[in-house]
Amino acid sequence: MISPAIEMRGITKSFPGVKALKSVSFSAYPGEVHALAGENGAGKSTLMKILSGVYRLDGGAVVVGGEERHFSHPLEAIRAGIAVIYQEFSLLPERTVAQNIFLGREPTRLGLIDHKAMNAEARRVLALFGSAHRIEPDTVVADLDVASQQLVEIAKAVSLDAKVIVMDEPTAALNEAECEVLFGLVDTLKKRGVAIVYITHRMREITRLADRVTVLKDGETAASFDHVPEPDTIVRAMVGRDIGDFYAAPATPQEIGEVVLSVRHAGNERLKDISFELRAGEIVGFAGLQGAGRVALAQAIFGFAPFTEGEVELAGKPARFTNPRDAIRAGIGLLPGDRKAEGLVLMQSVSDNGLLTARALSGLAGKADATPFASAEEMDKLLHELDVRAGSFSQEIKALSGGNQQKAIVARWLALAPRLLIFIEPTRGIDVNAKAGIYHLMRDLARKGTAIMMVSSDLPEVLGAADRILVMRAGELVAAFPRGVSEADVMLAATGEEAVAA
Amino acid sequence: MIQETVGSAKAPGAARGGRLPKINPVFFVLAALLVAITLSNPNFVEPTGYMNFLKRAAPLAILAAGQIYVIVSGGFDLSVGSVITLTVVGSSVLLNNNADATWWVIPVMYAVGLAVGVVNGLVVSYLRVPSLIATLGMMITLNGAAFMWSSGSPRGYLPETFRFFGRTNIQGIPLIQFLPVALLVLIVVGLCLFWLMHRTNLGRLLHAIGDNPRAAQMSGVPLERVRIIAFVISSLSAVTAGILLGGFAGVSTDVGVGYELQAITACVIGGAQLLGGRGSVPASIAGALTLTAIFTLLNFIGLPKPVRDVVQGVILIVAVVLATYRRNRAGGT
Amino acid sequence: MKKLLTAALSAALFASTAQAQQLNFDDPAEFARQREMLTAKANGPEGEPWVQYYGDQMADTAQYKKEGPYTICFSNAGVNNAWRVTGWTNMQAEVKLHPEIKELIHVDAEGSDDKQISDIDDLINGGKCSVLIVSPNTTAALTPAVEKACAKLPVIVFDRGVNTKCPVTFIHPVGGYGFGIQAGEFVAATAPAGAHVLMLRIVPGVDVLETRASAAKRIFKEKGLNVIGEEFTEGDNAKTKSIVEDYLQRGSIDAIWMDAGATAVAALEAFEDSGLPLPIITGEDQQDFLMKWKAEGFKAIAPTYPTYQWRTPIIAAVKVLKGEAVPGPEWVMPQPSITAETLDQYVNDKMPPLHHAMCGCEKLPDYPAAWGGQ
Amino acid sequence: MNTATLTKRPAWRMERYAPALLLAAALAIYIAIALSLGHTRFLTPEAAVSILNRSIALGITAVGQTFAILVGSIDLSVAHLISASAVVSSAIMNGDPAMMVPAVLAVLLMGAVVGTLNGLLITKLEVNPLIATLGMALIIQGCLASFHGRFGGSVPDAFQYFAYGEVLGLPVSLIVLALLVLAAWAVLRFTRFGSNIYSVGGNRDTARAAGIKTARVVMASHIICSLCASLAGLYLASRLKSGSPWIGTEGAYDLESIAVVVIGGTILSGGKGGIWGTVAGVIIFSLIDSIFNLAGVDAFAKQVMRGIIIVAAVAFYAVRSKRIVA
């Protein structure tokens, strides 16, 4: 009987306002791929950050090689043979590929960094997954495209020669061919006796790679399998309820109204010849790989990274905005994907966050608690209606859970009654239970006549919540599907290749 | 500048509740200092005692109340000291010993302050020069400009009409006997700045851009306009402080030296978050009074100046450490 | 570990302080010498103190004789206070009196020793200077640079000195003790025994200012005056006024002694604003103080550190280049005080407030406009 | 990484060459003015050495400040530390050549202690570096002033070799600065520690996740910064024969060192830049000084122009970035 490479027992972890993990246990044996599945916000990343020493646990134990360890710094985890490929990139954009791969452990000779050896070694590691030809070790990371950056991120972990490698959704930005190379690499590592923890919510990858599967939901172990069960079983464990109820009912033809937004042959340095229409009352999902241009499109409509060519009309009026303020005035709202970086003002109160846009569009000397769009009382009422749960709305928003924060941002836009609302990754980092709330909220808004553009990397979410699905690839719109299309068809359009194993 | 977000998520279990009483500790510190001053010098409770104190503190308090606008918006304004110098030296040149010129010289100085603030704001917003460097450059430039304007030394006296604001006491007021005009100016300016910061959209938007400029921009906040206004308010408050200082002490060439750091110190003692997002006008004024009270107390106890430097340094650091500690205890990163 | 280091450091600091010699700012011999000089008669034309000198030692300058026109180079410590501004204006005006001077090259060190050393280097290397005038920022710091310059061309030093005898001459008024004596004796003579004297000083550690203070303290001690405090104002009006107000709150002040008069008016205003009679005060020849003195008629004296000494280096330079003897290696010039009797000669409401009246500049070209007067 | 991108062609990155461009511009102006005024003597190699020699103290300080800024911090205490170092060294030496070594050691130890304290305040107590080092500056100033008066002494002639000695016609001080720059370059380019400085400055969380002990890196950078300031203090003591307690502040070495580092293209938030930019910045400052002296610009106009030049130089880099600054 081989002993597990790592074992996590009864892990508990809280953050202000959220209990992220409740007594979760998990283990990985040498030479196996243990898939860790779960919806966004289920606690997968938190669990792995505890394993890698980024977070300290509140309760439980981490056992590595039969020995209980308390990592207080990631260095200790790395020394113990644990490498992590993080979901959000942990690359330094201003440094070279080789420097990033060997961050903090550059090869040295006589105490000095051996740049030659470092570049050679980087090239060797990159060659493992056939990327040596397209990624030069001395290129600055900022100059790479997203997929290449993801490969560098993977190379960084692989080069550690670790006993345990954690891969947190490594394929999010990769096309099929690149995915296949990665899968091959996983097989190789496995043969070498490396224990691999593979985090994903794509069933295809689980079927292809995994030996065992653990499903997390709401910070708890929802299910654990010593084999790879049917995808349906896993999905049920992940979602924990009937899908039909999870997403709101689609729009009826009567509910779909006039054209709100029409884009014709628009483009900029990231987007090519985009044409489509959005109608009042419908939710349109935008699917595609990371870096396919979905976010760029949203930002272009919103005036943040404007179109440089083509025509855009909002409710029949020209609407090629060059800054968000003009777009907002005209009735466009945008909920950013990275709430913390682009949406929230964390040190301010819930109510201040809700009133931000209303205040921004009012006179600067106007009363802060009585803007023409909403007064403080009206905002409180709105927040109540959206069921934002907080001790008090004058409390700092940073203590709230992701779902409540997201609803506060929705409130921000509702105060302005926009014609078009753009949701980017609307449920990222939100509890499963709260997700349903967000989907129903989007549908309610649509029913009231708002056009909704939803950009999401969570394919099931796009399939479940949208009335129509548009697929982007390399800055272009490549396909349009009605509701009910299969995941495989969308992936096919998104990658532009034949599916190898669907 | 250095903010560890992932690493410092220590978040003890009881992070949820435990909200501290809302009163800013600077007010307790100030009260304690005033008691200590009174103990070391019982005359302090006489009107001449505390009124002189308030009169003396008024310029710094006004400066801090202006500086907090820039700090809340996420920047620094190092140019305020040189604006003070420019105001005093420039006024002496423009007044040219003519008492009747006061009525137009003061508006002219405010116009100069306005221009300085606008330039600071434009350089930071559009040339994207960090405010630390932008206002440092402005500081050096204005000091040179003040001297160039006056060829090295002020050209005229400041007549009593000009010095009225900083020097005169209104006599014969019941209960307090007299009221320095400077204190009146502080009250009026303080109330205006309080209202603007804590009751208007501008104030909330300042907090927002200091907290997260990207989020503010994505929410439609006119970043540039708000930022420029912050610098303008800071510059105008510096002109006001300059008028009071010129009035209090007469003409000299290096009036403003060191005031920029004192103003920032006052704001920090008042609990302001450097790099933006948090700060209050009354607390900054209290911070300025605290700083002045410390100096006064050290004077009364007879401690030499070197000790005052050390004390100021220690207080500055302790204030920030305590604020960080309180914030960490209150939860969050 | 850290504690250990800190302890070691403080030990080292204390060891070094114990070891370092006490800087001598209280030299009885020099005190006596300067006291004597104040009442001595200077050589030279009456009414032109900028060419007067004490003693009769002259420096031979035949070796520097040179055909004109001359380029005079001046390395200035800075024009960072009103005294230096007045002086610098004097010097520029003096140059206009000498047609044989082709050019005055002025380099301003902006108050930095380091920069002044480089400036002197640049001037020597430029090779255009017939003579070098130096107003050193700090005595010790500039010594090596001046020594280096002496090897190449005639050097004239004024205001603060250098620790070398290599310059042709070092031009300066009587000195810090003299200033302190004039002010101290006036207070001692005017105030009753046991009177409260507040000493207001600018900053500690500057040699000329330290000697002024030590001279005054010596006199106050002799006369049994009660020095109630010695405070540093950093030359700041607001601070000066605050300090005096605080002292007034706690007790009475009979006399104020100042080591430099820049903030004298602020000190007086503290009395005015507290509704108290003005004290005995020692100031300086700054116009605002003289105006106030004349208007209010309080008991005062204004010892001076005369700005006319800025004229002398030019005069000396031209003499040196013509091979004429000049007083040297030291050219000590008179250092008069302004008293109630002589006050009227110096008060001039047309001059700016920070103008230093003892400038000897009234007959120079462009007076008073160049000095900011009307 | 929400602002996803398509393939970016490796752009010609203007800002990498910006310090060189600025330096070339300053040099061109200098030469033009020297030629137009007929001062050809100012174009000789000796003149070049003397220009470089203008800014030894600033150069040494700026090398240290580069480390502090690269790691994402800043140090406002250098000016006062320079004063303290100059004063303490001349007090300990007190004219005695035998005390030179103990004095140098004591001063460097003092620098190390100040750097350590700065580092501890910033990393352990999480004080904003501006405030931490400003507070430290005030504390040093107070300590210095309270000891002042008891500090006298001057450095022995032998010690002045540092500032005035020459080897092969080059000033010793310039050689020391050159070696320091080379050492700094080597540390930043060839050691793991140097690489870690960039990583921590670039993104603390990323660096930590990669196993770098960020606190130690910040601390070490501050110690280097303070050691450089102490060395600058020693140099000034050697050049000026004695230390005065305002030597650091009158040279404004705190703000000037930050200014040259930033003019050299190192960004204030850290993680990007390098020592050669700083060298360019220092030379630009020396050239500006020389240009002003050559052209006979009056002191006040000099200040005005210097302020504008600092802002303009930084704007030259910053104006193209999309980063929101405050």
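Here the chain labels run A, B, C and D in written order, and each chain numbers its own residues starting at 1.
The working rule: a residue touches a chain if its C-beta (ideal position, glycine included) is under 8 Å from a C-beta of that chain, and two chains touch if they have at least 3 such contacts.
Computed from a predicted model, the values in this text were never measured in an experiment.
Each chain gets a centre from the mean of its Cα atoms; the one farthest from the centre of chain B is A. Distance between chain centres (mean CA atoms), chain B to chain C: 36 Å.
Averaging C-alpha coordinates per chain places the centre of chain A 43 Å away from that of chain B.
Multi-chain contact residues of chain C (touching two or more other chains): 79. For chain B, the set of residues touching two or more other chains reads 6-7, 152, 214, 217, 305.
Residue positions 143, 145, 148, 205, 208-209, 298-299, 302-303 of chain D are each in touch with at least two other chains.
Working note: touching chain pairs come out as A-B, A-D, B-C, B-D, C-D. Residue ranges of chain D in contact with chain C, taken from their complex: 39, 41-42, 46-47, 50, 53-54, 57, 88, 91-92, 94, 106, 109-110, 112-113, 116-117, 120, 143, 145, 147-154, 160, 164, 236, 239-242, 244-245, 247, 250-251, 289-290, 293, 296, 298-299, 302-303. Residues 79, 81-82, 85-86, 88, 229, 232, 235-238, 240-243, 245-246, 249-250, 262-263, 265-266, 269, 273-274, 288, 352-355, 372 of chain C touch chain B in their complex.
Remark: chain D residues 72-74, 121-122, 125-132, 134-139, 141-146, 148, 204-205, 208-209, 214, 218, 255, 258-259, 262, 268-270, 298-308, 310-311, 314-315, 318-319, 321, 323-326 touch chain B in the complex.
Of all residues in chain D, those touching chain A in their complex are 1-11, 13, 186, 189-192, 194-196, 198-199, 202-203, 205-213, 271-272. Those residues of chain B that touch chain C in the shared complex are 41, 43-44, 46, 48-49, 52, 56, 59, 92, 150-157, 167, 169, 245, 248-255, 257, 296, 299-300, 302, 305.
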